[in-house]
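Per-chain numbering from 1; labels A, B, C, D and E assigned in written order.
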Amino acid sequence: MTQDRYNSSSIYNPFPMRVVAKREEAPGVRTLKLEFVNQEDHEFFTSNYRTGMFGLYGIFGEGESTFCVASPETRKDYIECTFRQSGRVTTTLAGVDPGDIVTFRGPYGNRFPIEKFEGKNLLFIAGGIALPPTRSVIWSCLDQRDKFRDVTIVYGARTVADLVYKHELDEWKRRDDVKLVLTVDPGGETPDWQDHVGFVPSVLEQVAPSPDNTIAVLCGPPIMIKFTLNALGKLGFSEADVYTTLENRMKCGVGKCGRCNVGSVYICKEGPVFTAAEVQAMPQHDL
Amino acid sequence: MAKIGVFVCHCGENIASMVDTGKLVTAISGHPGVAFSSEYKYFCSDPGQETVKRAIRENNLTGVVVAACSPRMHEQTFRKACAEAGLNPYMLELANIREQCSWVHTDRIEATDKAIEITRALVEKVKRNNDLQPISVPVTRRAMVIGGGVAGIQAAIDIATAGREVVLVEREPSIGGHMSQISETFPTLDCSQCILTPRMVEAVQHPNIRVMTYAEVEEVDGFIGNFTVKVRSKARYVKMETCTGCGDCIQKCPVKKIPSEFECELGNRTAIYTPFAQAVPNVPVIDRSRCTYFKNGKCAICKKTCQIDSIDFEQEDKTEYIEVGAIVVATGFQVQNTSMYGEYGYGRYKDVITGLHFERLASASGPTAGKIKRPSDGKEPETVVFIQCAGSRDASKGVKYCSKICCMYTAKHAMLYAHKVHHGKSQIFYMDIRAAGKGYDEFTRRAIEEDEAGYIRGRVSKLYEENGKLIVRGVDTLLGKPVEVEADMVVLATAMVPQPDAKEFAQRIGIGYDEYGFFNEAHLKLRPVETSTAGIYLAGACQSPKDIPDSVSQASAAAAKVLGLFSKEQLEREPVVATVSDSTCAGCWGCVIACPYNAIDRKEITDRNGNLIKRVASVNPGLCQGCGTCVSFCRSNSIDLAGFTESQIFAEVMGL
Amino acid sequence: MTETFEPKIVAFVCTYCTYAGADLAGTSRMKYASNVRMVRLPCTGRISPMFILKALQKGADGVLVSGCHPGDCHFAQGNYHARRRWTVFRSLLAFTGIPEERIKFSWISAAEGAKFAELINSITDEIRALGPFEQYQELQKVIETQSTY
Amino acid sequence: MGIQEQYRTDAANLLDSGAVKLVIGYGEGSTPERRRPIFIRSAEEVGRLVLDANCIANLSAYLVPEGLLSDGKSVAVFLKPDGIRSVNILAAEAQLNPEQVVILGFNIDAGLANPLPGRKANEFAPLLASLKSAGLSTDLQREADRLEQMTAVERFEYWKEQFSKCIKCYACRQVCPMCYCRRCIVDVNQPQWVNTSSHTLGNFEWNIIRAYHLAGRCVACGGCDRACPVNIPLRLLNHRMSKEALDTFDHFAGESADQKPVLATFRQDDPETFIL
Amino acid sequence: MTRILLHSRVDDCLSAWRSAGFRVLAPSKRNDLTRFDEVHAASDMALDLVLPERTIKDHFFPQTEPLLNYRIKKQAIESDEMLPPQQKRIFFGVRPCDASGLEIDDALFGWDYKDRYWFSRRENSVIITIACTRADDFCMCTSVQLSPDSTKGSDVMLHPLKDGRGWRVVTLTDRGKELAETIASMLQEDASETAPAASVPVKFDLDKVTSWLADPSNFESHLWKEVSQRCIGCGSCTFLCPTCHCFDIQDEGDTYSGIRRKNWDSCSFAMFTMHTSGHNPRNTQSTRWRQRIMHKFNYYQGKFGVNSCSGCGRCTRQCPVDMGITETLQEITNLPR
């Protein structure tokens, strides 16, 4: 299916998407909810999208920017994406309103093999703006909750304000089939903050479930990943059971433009989802 | 995406008659990002502004373009409306489809197309506008008044009386200006000195006024609320602090035959002198170029004469930097040199004089003690010819403008002459009699009817001397006949022109001037006492020819502006200032060199441990005036100007 | 070039002098050609050479850059800086074959409404006579229109 | 002792005495005629230094990378007069402290490299003054004249052809000592003033804006022209700018370390023949 | 059976091909630059060059290429893809290294999904290669296991005759055979001896190089810094490389419409991998140079089974500071075992 579509029309010609909702998540961080303008585009997405994949979101005249699809594979009527306003494209995307048209190319890349997670305990670990990719997997699992055993979510941000998806955090907090652990960096707490204060790796060491029969999904900035992997190692997690995502600068999204490769790996094709073991095998300097 | 509202104003018929506003609205409503568009007869009216405000609120507009008149006209009006509707006032652009479109074009289709393009470009610009906040700067609540004529004195007294400090700077040894040279004033014929001297004294004695005479403004630095003025007090060689003004030194000074500037060279003065008897301060100065002591080291009689040792030959010029928040420029005018009129014989015939000479002749304190005597032989002239518009309203030789006061002072001169020389006969050549003003026309009528001034409508073509008489030839255009008058003295009503150094002075302090050198007001009608440089105001004849009442009114108006500025400790300024991107600045300092305001400093960027990482440019928003010279210099595009950012201009051009 | 060719002229002007001069032309109801689109800037010192290039890319057949007379700059020196930049940039454009006749520089004060109107008319006539300047825009397509593309 | 031997000895002494931490010079290249920049950090290595008439590159560009001079230590560099002028401009634009630059000066005359007396940039002032009075290259002027004599249409065609070759590899920029910006205008994307595409318009913009940015700063070392892999005569653009700066503003790039940038200064009586 | 093409018949071939709807491109010199350009006569060709300065990659992967055009409407967008023209082309006088480059890049443009922009041009092109009888100081095809007469990427191979009258014609692919048929009448049977292929010395030990690069412990070797010290970070080596294929995508236009373009980009540029956050994985010139070498001789090999270098030597030939792949690989070769 992917091949057919790619070969019959330019991979570079994006799908028009209508913005249907916009949410301010944290300072400079926004979520857009997009719906397909064309039915065949939607069908293509529906038949190809799996959690973990990413897309190129764009505005004609400004360009495209890469981020994950933050909505789960169990909800394919729309696409949600969450991004921080920083460059030219994200600045423009931050300014769109419901009714406006943006573009989407994708879904690209590999996915979290959640069928392999079935019957296991799940530990989700996310830092800051990296909750969106994690959240896609989380909902993909929670929407079929009975297939998995215990679900633990550890999410940390620099400050309370920087926590994204606050309404969903509340929802997860209320659920008794999810254990949610929130933390903010020291100094980032507000006076009424009830949860943890501390960096994710150290909080993790206090709250992590047993590594037995547990899959960990870890997303965050490079420095957090590095320390969290150490912590997971100490806790006894095998590198093969830890999944993470890598994000590099991308332009084409389809393994041609040569920008995203780390070693011989094209993040856009063979990623963005990797096991910790795969990440360790890459040239670390180029990450 | 941005939600821009576009409001197309008809300006009555001013725009709508030449621009198809309906077509403009239709075209613009289809433009990406335009969320609302409408047209209305007068958007500047209250209901018009209400429409704008309602549309902003109801549509959550993120920017507004008003397609109407020039931003110079109503930008503030609509900014205020935006602010009242909760939109940042800088999210507004005015598309000028009146002054630069409907009023200047004759083809409705072309004008409409142009209006659409102008408006679209500004929609694109306003999409990139940013919320800006006015900049607050502290105000030094002290004013400087430059020029100690009647306008300067009035402005100083008004500001001082309201409780603010004033520094009054006059370059002559005494304040008083031209008004102190005048004999009587129209239309009341009261003595000029009599009404001016008390004001001069009031100024010099006012606790809030510091009078600096014989002093020149050399430089003005800074900006509204925060000027630093460099003033050089010229050496008087007489100690201000101790001199009692007894005048002994003047009496004894052996150099007596110096033509007096104050007397228009009709009288003489000494080398140590005060310009006139009622000078304020009454402290003489030594004219170094004429003084024997300074020429050859001998004499020093004044020093010997002075009982309180107030003569100090060692005195030097003194430079001071004075901080002020506002400046009133009241540097006055001069009388035009009329020598370009060969036909009038000025400079060739001693008895052809200017109006100002006549004032001195008529002045009770003047060289003739108020007797009208002609300069050549001191005889009382029996026929005096006055020639109006001797320079004014003459594009070929003189100045194009009307000097405004000549009709009145010529009438006054004729009256004074009639009062002083009862058998004398005055003949006045004129083009029109312009006597608009309270009591003015009555005054000229009195000159004609009571004092028998003979008005001849026409111009003088030739003037020559014959048998000790000045023969004035001209045409009486009412009779259509040539006339010839034998006169004993001729008085030229010469034009008022700017001070000779006016242009250079304007450049020095940073204000605009017109082709003649009169200083430019910010708006002829609506901001007549302000200059385009914020914080600098105008009073008196430095702006345009004025009579005394006008000069005094304008001085009070300028004072009111200064006091308005001083009513707050902080001043809010337009946030159109430059900012530097620290991450990309390479620190080449080109901008620092280019900035006309010295508003850019070098800033050190350090890491957490205080180690220097690099040096970058940094704009002081208080000093920055927002010209953008630095922005277009910067090779790496590391400086931008709020309100006119690179992105805004790019969008505007790409939207055309 | 057809006889209906109407040039597109983009003017970059300072707000204090030339823009005000154009306003004066308006308030004086002087009539002039409608071909000019004004971009208002605080000062000629703000005008960067890129503005001119972008106007040409956007299809301008002529560009006018105008500000206060020397000595009259509201910002004291902006126009002096601008003059140097224009001197240099103008010679560069000329050297690269962008006709000097298409890039005009002028000083127009706030008082010179008449000069503004006359200038717009004269440069419009001049540029109309020169014809369209599509060569610059078309540089964008040189590669894909080559026979070897 | 020939100049090569002499300068090898000088370099060894400078390194041994600790006067400099690094010598930037020329070494053998991949063909007999080629010389390549080399970096010598110890006296033992000075034998690799070569100095002859093939040493034409302006090595001053290697002085500006961030961090090289930030420790306050000095660096010696082989420079021709054009390189000395570059050092002056870099000093005038606060990119380096000329006191940290030890110049091993030479010029090439009649196929030979000859030593120039002096060690610090300011010691070469008389030399630079004489270069200024000697004027710009007459060879370049002859080439430029050929273009000036064309009609505008012909010139436009000429440059269109030349710029259509440009591939935006930025070798001209990277090799140029004056292109030290932390962010080049072409990398500014908000807004995108210069089209990054290497279509002829984008190339036109790039080459024009670079020439403009070099106005009054180019020392005619020819580095960009030689570096250009597609042989665009960049020297002519730069020469035209240098000529404008010299003829109109009496500005000779790099004459001294306190020279003010020609485009950040002005004179009230600057000529303005073209302004209406 | 061997057939030859005489130089004197080239013009006839050109007319035959033109009437068959082909555009013929050959090395030529125009505006001080040698490159493949459309030719109308043998006299337009510059076949005596060792190599033209520009590669034929330019005509398959142009320096800038429109991908699509777009129009921005109010709350709507429209876009149309812009594919390259369907023009049949013959590249005449290609050198074996450049022809090999095309085949090397086929792997990249063809994996997972076939890049239509590359392959529509590939499919419409016939490559007529002339074996090299001369080489210069920079040629290094033999070092990367190719040769002056390697047939990789070619449809037809022409071997220069010893007597200099023409070339022996060897067809290599169906496409080549078809093309030869169109000029069958201009070819003649002839057993003349061909000139020996150029002798190109082997400059480095590729096996040693690839195994050294494959050793992860060498990733942080001091060698990277030493060999790249004088690198100024321009993109000329990548842009003149017959196999470098990195690109950028940029939108260009005004408020109303524009074109999305694919532009060459280079791993030498500091901005290439810069994240918007400011983090740059390859933040020094030495790491960028390492990426280039690793990509050509390790990663590409690992992924597509072939090295991404065809040995043309342009990277060194035109380097402003006399650097290049050869020197680095020689340094690696010279390392003690």
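We adopt the following convention: a contact is a pair of C-beta atoms (placed from the backbone, for glycine too) under 8 Å apart; a residue touches a chain by one contact, two chains touch by 3 or more.
A quick note: this is a predicted structure, and the numbers were derived from the prediction, not measured.
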Joint neighbours of chain E and chain C, given as chain labels: B, D
Farthest chain (mean CA position) relative to chain E: B
Pair with more cross-chain C-beta pairs in contact, given C-D and A-B: C-D
Identity of the chain that, by mean CA position, is farthest from chain A: B
Closest chain to the centre of mass proxy, which here is the mean CA position: C
Separation of chain A from chain D, taking each centre as the mean of its C-alpha atoms, in whole Å: 49
Where chain B and chain C are represented by their mean Cα positions, the distance between them in whole Å: 32
Rounded Å distance, chain B centre to chain E centre (Cα mean): 72
Chain A-chain C separation of Cα centroids, rounded to whole Å: 50
Multi-partner residues of chain D (at least 2 other chains): 185, 190, 192-193, 195, 198-199, 202, 263-265
Multi-partner residues of chain B (at least 2 other chains): 583, 594, 633, 646, 650-651, 654
Residues of chain C whose C-beta touches two or more other chains: 49, 54, 58, 71, 77, 81, 85, 140, 143-144
Chain pairs in mutual contact under the definition given at the outset: A-B, A-D, A-E, B-C, B-D, B-E, C-D, C-E, D-E
In the complex with chain D, residue positions of chain B that touch it: 583-591, 593-594, 614-615, 633, 635-638, 646-647, 650-651
Complex contact set, residues of chain E against chain A: 67-68, 70, 72, 75-77, 79-81, 83, 108-109, 111-116, 216, 219-220, 245-251, 253, 255, 258, 260, 262, 265, 267, 272-277, 279, 281-282, 287, 291, 294-295, 298-300, 302-303
Chain A - residues contacting chain E, complex: 2-3, 6-7, 9-14, 16, 60-65, 86-87, 90, 99-101, 103, 222, 248-249, 251-252, 254-259, 261-264, 266, 269, 283, 285-287
Chain D - residues contacting chain E, complex: 29-31, 34-39, 57, 61-62, 161-162, 165, 167-171, 173-175, 187, 192, 195-199, 202, 223, 226-227, 229-231, 233
Interface residues, chain A side, partner chain D - complex: 87-88, 91
